[in-house]
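Naming follows writing order (A, B, C, D, E and F), and every chain is counted from residue 1.
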Amino acid sequence: MEPIAVFRKESFNAAHRLYNPAWSDEENRHVFGKCSNPNFHGHNYELEVKLAGPINPETGFVMDMKALSDLIQQEIIERFDHKNLNVECMEFKNLNPTAEHIALVIYQILRPHIHAALKLSVRLYETPRNFVEYPA
Amino acid sequence: MEPIAVFRKESFNAAHRLYNPAWSDEENRHVFGKCSNPNFHGHNYELEVKLAGPINPETGFVMDMKALSDLIQQEIIERFDHKNLNVECMEFKNLNPTAEHIALVIYQILRPHIHAALKLSVRLYETPRNFVEYPA
Amino acid sequence: MEPIAVFRKESFNAAHRLYNPAWSDEENRHVFGKCSNPNFHGHNYELEVKLAGPINPETGFVMDMKALSDLIQQEIIERFDHKNLNVECMEFKNLNPTAEHIALVIYQILRPHIHAALKLSVRLYETPRNFVEYPA
Amino acid sequence: MEPIAVFRKESFNAAHRLYNPAWSDEENRHVFGKCSNPNFHGHNYELEVKLAGPINPETGFVMDMKALSDLIQQEIIERFDHKNLNVECMEFKNLNPTAEHIALVIYQILRPHIHAALKLSVRLYETPRNFVEYPA
Amino acid sequence: MEPIAVFRKESFNAAHRLYNPAWSDEENRHVFGKCSNPNFHGHNYELEVKLAGPINPETGFVMDMKALSDLIQQEIIERFDHKNLNVECMEFKNLNPTAEHIALVIYQILRPHIHAALKLSVRLYETPRNFVEYPA
Amino acid sequence: MEPIAVFRKESFNAAHRLYNPAWSDEENRHVFGKCSNPNFHGHNYELEVKLAGPINPETGFVMDMKALSDLIQQEIIERFDHKNLNVECMEFKNLNPTAEHIALVIYQILRPHIHAALKLSVRLYETPRNFVEYPA
């Protein structure tokens, strides 16, 4: 049997700004436009976590969705929900919080908590029209 | 013929915090919880503007949706999109930017720009699960 | 007990153009823009039919949703689905097929088929961001 | 100022069958079709609770959405989620669990818990294409 | 030219419970929680069928979507819609009806009916927040 | 680091008919059914453009979503929005405008405008229930 994937969707709301400290304010404005507003803006982030692997024959699960939901809640939602990513989250102290980087950080946080036999990927919607997926 | 309604949906992304300056920080935290985070959080706000009235027999329109979209863009989206509502928007200098108050402010901004024969109402989604409508 | 409403959602795909025959081509272009393209464009129309009234104590239904779905299918979907509204539908031979007018026509077609004790209204989505409701 | 409405959306999953005990099995099958399957079927019910009234000037809220969410969780979700409505829920021991009746029951359960100054209504999606609203 | 994929989405409503007959009731409750309720609960299942392969140069289709829709209707929807998966569907007499297993069964039912040159996969939404895909 | 993907969603409305000029009208009707209506029908097409590749360390972007949105607007939306694909778009003068072919054409138009290091794919929704993806 080929691997099967399970997906769990959660959401969090956060403030951020796009900013490269190596650049002048003018360069930041030029590249990031209104996304670089120094007073921040924010999003409802929708997160889809995907795990691919074999079905456990005893449970019929790849992973218990309740356990996966609890894990995402504990490791991701409590960390980022209703936070200012630039100011309050050490993960983005030296990393520009683009959707790409947020997805990458979420992947790195979750990976050690997921069974090694399962392939992990994350999709993050910054808006309904802008989203990212890692790994592609 | 009874009135007919037209709806136009637009969206903006903004940062905010819930805060009553008449209260101590502790009271703010107690009532508003994580929504009162002094570093702000944010949302993708979805706005539905509804106009009810007669159909113009020449155009078949209650109002040209392109003109309504342009009006919302100019009066609302340019004002609030990618902004910090508490810090940058004078409308919320002395008004707590709850979804209720944001909807009320949007109504008051749009009302003078809409033909007096048309009944206006606005629905604002703060998240897909929390939304408001004024007037009810 | 106050009235309760039931809603049934169906969809159809059609071509149309906006056009007032009393006007010159230039006036049509000026008012309706690209919606007036003489070669037509089209939409996936989403239709929500709402009936409000008492619950039948024997069935627990305001109206059987299967019967309502069949009625919409027979009277609306078969009439307009995969049609050119301007060219093939007599309802729009002398009526500009704006979303407002299409909703009004659907209301008038359905009204005689719905029990007189039930209040009917229709909501029609032309796109996910433009929609109308009659009566308002 | 006119009343303003706030909405909170929650969901639950349940099994049910449509059945009138005053009728023969054949009559039940005739009227309710496959919805009357004696072995039950089920739905993901989506519930929208709407409260209309004045804004509390101290909080900027009609009602705290967190408190409303907790109330719905405690009174509705814990009662009906992952339940068999016909077999396990006393509210439907003698009441056919149509969407109309479920919405009515939810209204009656919530009403005493909501401040008397607020107008309550509930919308219940049985499927994305079939839904009800009480009062209409 | 690389392969292209077509997708068709259908839905069905069913009751189920999660249950491993090799375990005690207590073990079932411990592992499956409220999903193991012996009186069943249910879902609106959303099914996306994906076929990847070459475009037929005469039709411009990978497969006629009407034919694919009819096939899903006949082989899947008529089999599972408004059914109790555990009690009435032989496919789950000895197989725990988790989303993973339902997707696998749907794949196995459809595979012989799909042209061998086309790669099949199925995505099944148990709720808008829990879904699976086979093969991954 | 593995590649990461970014997605941008845009939409356009167009009329079309399915038609193979090598066939008789009767054959066209037989194969394409109501989709072959000579007076055309239409759709709200939803387009998702996916780019996979490395993150630019200076911006934190795979590609600036604003620039991608502008590119899609300029190359795809202006070309196809509010158009009759069969009559007005040279790309479909000799190519049946099935969803498969439209996706393929969009891919071919966009490919030269996208950096060679980025893998491009497009997903096109003809309706919420019928969609295609190229390459699969």
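What we mean here is this: contacts are C-beta pairs under 8 Å (C-beta built on N, C-alpha and C of every residue); 3 or more make two chains touch, one makes a residue touch a chain.
Everything numeric in this text was worked out from a predicted model, so none of it was measured.
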Quiz item: Which one, C-F, D-E or E-F, has the same contacts as A-F for more than half of its contact pairs?
Solution: E-F
Exercise. If we define chain centres by averaging CA atoms, which chain lands farthest from chain C? Would you check?
Key: A
Quiz item: Which chain's centre, taken as the mean of its Cα atoms, is farthest from the centre of chain F?
Solution: D
Quiz item: How many angstrom between the C-alpha centroids of chain D and chain A?
Solution: 34
Quiz prompt | Intercentroid distance (Cα basis), chain E paired with chain B, Å | solution = 41
Quiz item: Centre to centre, by mean C-alpha position, how many angstrom separate chain A and chain B?
Solution: 28
Quiz item: So which stretches of chain C touch two or more other chains?
Solution: 128
Quiz item: According to the definition of touch, which chains form touching pairs?
Solution: A-B, A-E, A-F, B-C, B-D, C-D, C-F, D-E, E-F
Self-check item: Interfacial residue positions of chain C with respect to chain F in the complex
Solution: 11, 13-16, 34-35, 37, 39-44, 81-84, 87-88, 127-128
Quiz prompt | Residues on chain C engaged by chain B in the complex (per definition of touch) | solution = 18, 20, 22, 31-33, 95-101, 103-104, 128-136
Quiz item: Which of the residues in chain E come into contact with chain F in the complex?
Solution: 1-10, 52-53, 55, 58-62, 64-66, 119
